[in-house]
Amino acid sequence: MRKSLSVNEFIQLIDGNLVGESDEKLSGVASLQLSRPGDVSFLGNAKYASQVNDSLATLILVPIDYDQLPANNQVFVKCESPNLEFQKAVEVFSPPAVNFSPMIHPSAYIAPTAQIGKQVHIGPNAIVDEHAIIGDQTKVCAGTYVGQYVQVGDGCMFYPNVSIREGCVIGNHVILHSGCAIGTDGYGYEPQITGEHIKLPQVGIVELGDHVEIGSNSCVDRARFGVTRIGDHVKIDNLCQVGHNCEIGKGSCLMSLVGVSGSTKIGRLVAVYGNAGLAGHLNVGDGATILAKAGIMKDIEPGDTVMGAPAVNKNQFMRQTLAVQKLPDLIKKVKMLEKEIAALKS
Amino acid sequence: MRKSLSVNEFIQLIDGNLVGESDEKLSGVASLQLSRPGDVSFLGNAKYASQVNDSLATLILVPIDYDQLPANNQVFVKCESPNLEFQKAVEVFSPPAVNFSPMIHPSAYIAPTAQIGKQVHIGPNAIVDEHAIIGDQTKVCAGTYVGQYVQVGDGCMFYPNVSIREGCVIGNHVILHSGCAIGTDGYGYEPQITGEHIKLPQVGIVELGDHVEIGSNSCVDRARFGVTRIGDHVKIDNLCQVGHNCEIGKGSCLMSLVGVSGSTKIGRLVAVYGNAGLAGHLNVGDGATILAKAGIMKDIEPGDTVMGAPAVNKNQFMRQTLAVQKLPDLIKKVKMLEKEIAALKS
Amino acid sequence: MRKSLSVNEFIQLIDGNLVGESDEKLSGVASLQLSRPGDVSFLGNAKYASQVNDSLATLILVPIDYDQLPANNQVFVKCESPNLEFQKAVEVFSPPAVNFSPMIHPSAYIAPTAQIGKQVHIGPNAIVDEHAIIGDQTKVCAGTYVGQYVQVGDGCMFYPNVSIREGCVIGNHVILHSGCAIGTDGYGYEPQITGEHIKLPQVGIVELGDHVEIGSNSCVDRARFGVTRIGDHVKIDNLCQVGHNCEIGKGSCLMSLVGVSGSTKIGRLVAVYGNAGLAGHLNVGDGATILAKAGIMKDIEPGDTVMGAPAVNKNQFMRQTLAVQKLPDLIKKVKMLEKEIAALKS
């Protein structure tokens, strides 16, 4: 089913001149390093020139002034802008664009008290519960659940099998990927000496700002009371957890498998890399960078870059890491010094 | 859609005396530190008194004997118990309570051999498969799947888009949050030299005790044979993984992004903090505490508190961490000692 | 509902001779260590003989030549092959096999342009969207979404509430567990100085090879362009994340909570243990082993075994870890040496 073109068919679609010939059929696109036979690739930046010869791509788009010859099984197309022509190739080989046109699928359930905007798509088996409001041009795909009293803005895209719990407020142009869970209960208990834990009511909500995107199977817990607040333009990757009553400032980014514990406040334009974890009730300043796998146990100053668990400033972490690598030698050295001192003393 | 009250409307609902005045509309509740204009907050504990003046809350509930004046844009309400009055405010501004009343939605699928208790809620597009049993007052929300031969007790709450696989046994008053997956296959293969892996049949089940709560997108794998057992009152946060044949004792708590590998046995009243990971076939004693990001590679004694990866006793870990922070200086010092010894020798 | 047999009923099903007697009802199977009263267990390997006496199992299958006596509350069954007889016991007490027979449930939605193979199971409320192709003998369980233009091979098993996005290509005999999300958008933005992030179109696909198995709530992102490629016989555990444009070679294994960042290439027969994380654009050689919680920031050589964050060779990591444990003592020792040198100098 994937599209397959001969080299001659392909170059009809591209501005450039063919160098070499090949009977291989073209069926995809990839970077120079990840290409396989049948792929179209490109040299978009001179610093990757050394990868051209080793690439398994069948056809490579190169600049007009590129002076090497194609390797065996390669053909080149010399063009003014390999970047632009590659973009055309991407379009040729991409899967057909999906079509979630405005409609309410007959198998969807829309509660009688729900309000649905204009040009909305509600997919098969999707559910919009009592008193929910869906803005114009928003798409609620198959199997997604929009809870009671949820308010959704305009132009949102909720992919299949998303769950949004009651009372949450979603801005405009928000993208939620499959399996993400918005507004689930925060983790809050009053532990008893008997081994029981009395559940603290979690009666707040989640508010997502405009242009927020949240990855697949990520979770944002509702506030114990009040609001868990995700600011405009925040981008959260897959498998992240944001605890109750957190606040994440405008334009901050959380990469995959990040956990943020309850009531922590992250400023604007903060970058949190993969698998970092933050304890609760902390402040992370604007523009801070938290590197991969960091464990944050105290406040982070604006603009600081931290690493390690417990996290310290990146430069300090690198010094420590290097020092630890020298540690086995240091231990030997100290043993030698002990002997020398003993010798000196006797 | 969020409720909005004037200060005068709000104080009708509260026992206390207004200090100051404000035209700001009240529309939410929050702690002193996380409040924004329009929020009601409270001073429930004298140790937070220093936060009152900097709070952006519009209205703050303070004790009768609190002698400071409101800052600009603040009003106070002096009351006998700020905690109790704040609870009223939380109720005023919380989203309307959800209503999952007893009913079987016409779009749900209940297999002919399933048995449904009294006063049960089965939401839109939920599925109760062949031979499953649902106890009284249990709620199975939209899109949730209850597999063949699953037994569910009384008073459970399964939020939307939960999956429970065949044969699992769920106690009473169990809460499962959106996206959690109970009884999926354990990760068990017989690796072949050819690069193939022969799948070992996973024919056991999962048993969840009474009052268990499991967070969104968490997974508990079925036993290879026998039972993966989660004890009464165990509370598991979002995005956790419990492997096949594990056993977790009464009242233990797993915070977010924790992984427990197969056949590990966790005692009673154990606390496992965020992003800790446990290898397989281990024993964790009663009352142990595993701190955030710990990597557990051997048994943990009852009552011990451990940290680090590989984990050691917390005090040892703190000593080591401090020592590593001093390490770059130690290396310099040893170099100096070498020189001094060389000088002494000559 | 779990099956319950008397000891006498049980031994009718087993080849062997009873030693001792018990009124306890048998209702399950477990290993010697994890057994509880009512369980059947077995001594399949002489090295576990010391566990027999302490086991809480009611009935233990032992070899014919095992010469110890049962403890209180235990009975033995002496048999030629305890392993084989235990397998029978597993079958006796396992939940009934599930029955997902070929059929299209009337509540499922099959788009008019979708093509469905022979002997296919499409469960309640499952969705097969426009132009999707489902191979013979494949099972699409309840609530699962198969997107537009998706191609699925023969003999696949998609458990409930899986989401597969448009255009992805799934091989034969692929198992996808509940909540897993295939083909969701990669995390790719062009950050703006204003705090906005322009989303880069993610127009590639995911290709899963034959015999791939992916655990519950795991995510594989579609390529930015081209293909995110999971090779034949790759086994991915629960709660893993594979970024856009990654490539994972034949027979490699990812244990739970692993994250692989975009464009990283993992060779064949690589084992990645729980909660390890890999940065983007890296190469991991064939046969490498990445141990639990490792943080990979540079390429890994074929066959290497690495540990730590940042990861180093396992032996180096173990030496470093031991050295760090000695570090507080080393600091004391250096202080002493300083004093001795000062004494020598004066």
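A, B and C label the chains in the order they appear, each numbered from 1.
The working rule: a contact is a pair of C-beta atoms (placed from the backbone, for glycine too) under 8 Å apart; a residue touches a chain by one contact, two chains touch by 3 or more.
Worth saying up front: this structure is predicted, and the values here are computed from it rather than measured.
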{"item": "Numbering shared by both copies at the chain B-chain A contact, with half separating same from different", "value": "different"}
{"item": "Rotation angle superposing chain B onto its copy chain C by C-alpha atoms, nearest 5 degrees", "value": "120"}
{"item": "Distance between the centres, which are taken as Cα means, of chain B and chain A, whole angstrom", "value": "23"}
{"item": "Sequence positions of chain C contacting 2 or more other chains", "value": "107, 125, 143, 161, 179, 217, 239, 257, 275, 324, 327, 330, 334, 337, 341, 344"}
{"item": "Chain B - residues contacting chain A, complex", "value": "1-2, 28-31, 33-34, 39, 90-91, 93-96, 98-99, 105, 107, 123-125, 141-143, 159-161, 175, 177-179, 211, 213, 215-217, 232-233, 235, 237-239, 250-251, 253, 255-257, 268-269, 274-275, 292-293, 321, 324-325, 327-328, 330-331, 334, 337-338, 341, 344-345"}
{"item": "Parts of chain A lying in touch with chain B, wherever the complex brings them together", "value": "107, 109, 125, 127, 129-131, 133, 143, 145, 147-149, 151, 161, 163, 165-167, 169, 179, 181, 184-185, 187, 189, 191, 194-197, 199, 203-205, 217-219, 221, 225-227, 239, 241, 243, 245, 247, 257, 259, 261, 263, 265, 275, 277, 279, 295, 297, 309-310, 312, 316, 319-320, 323-324, 326-327, 330, 333-334, 337, 340-341, 344"}
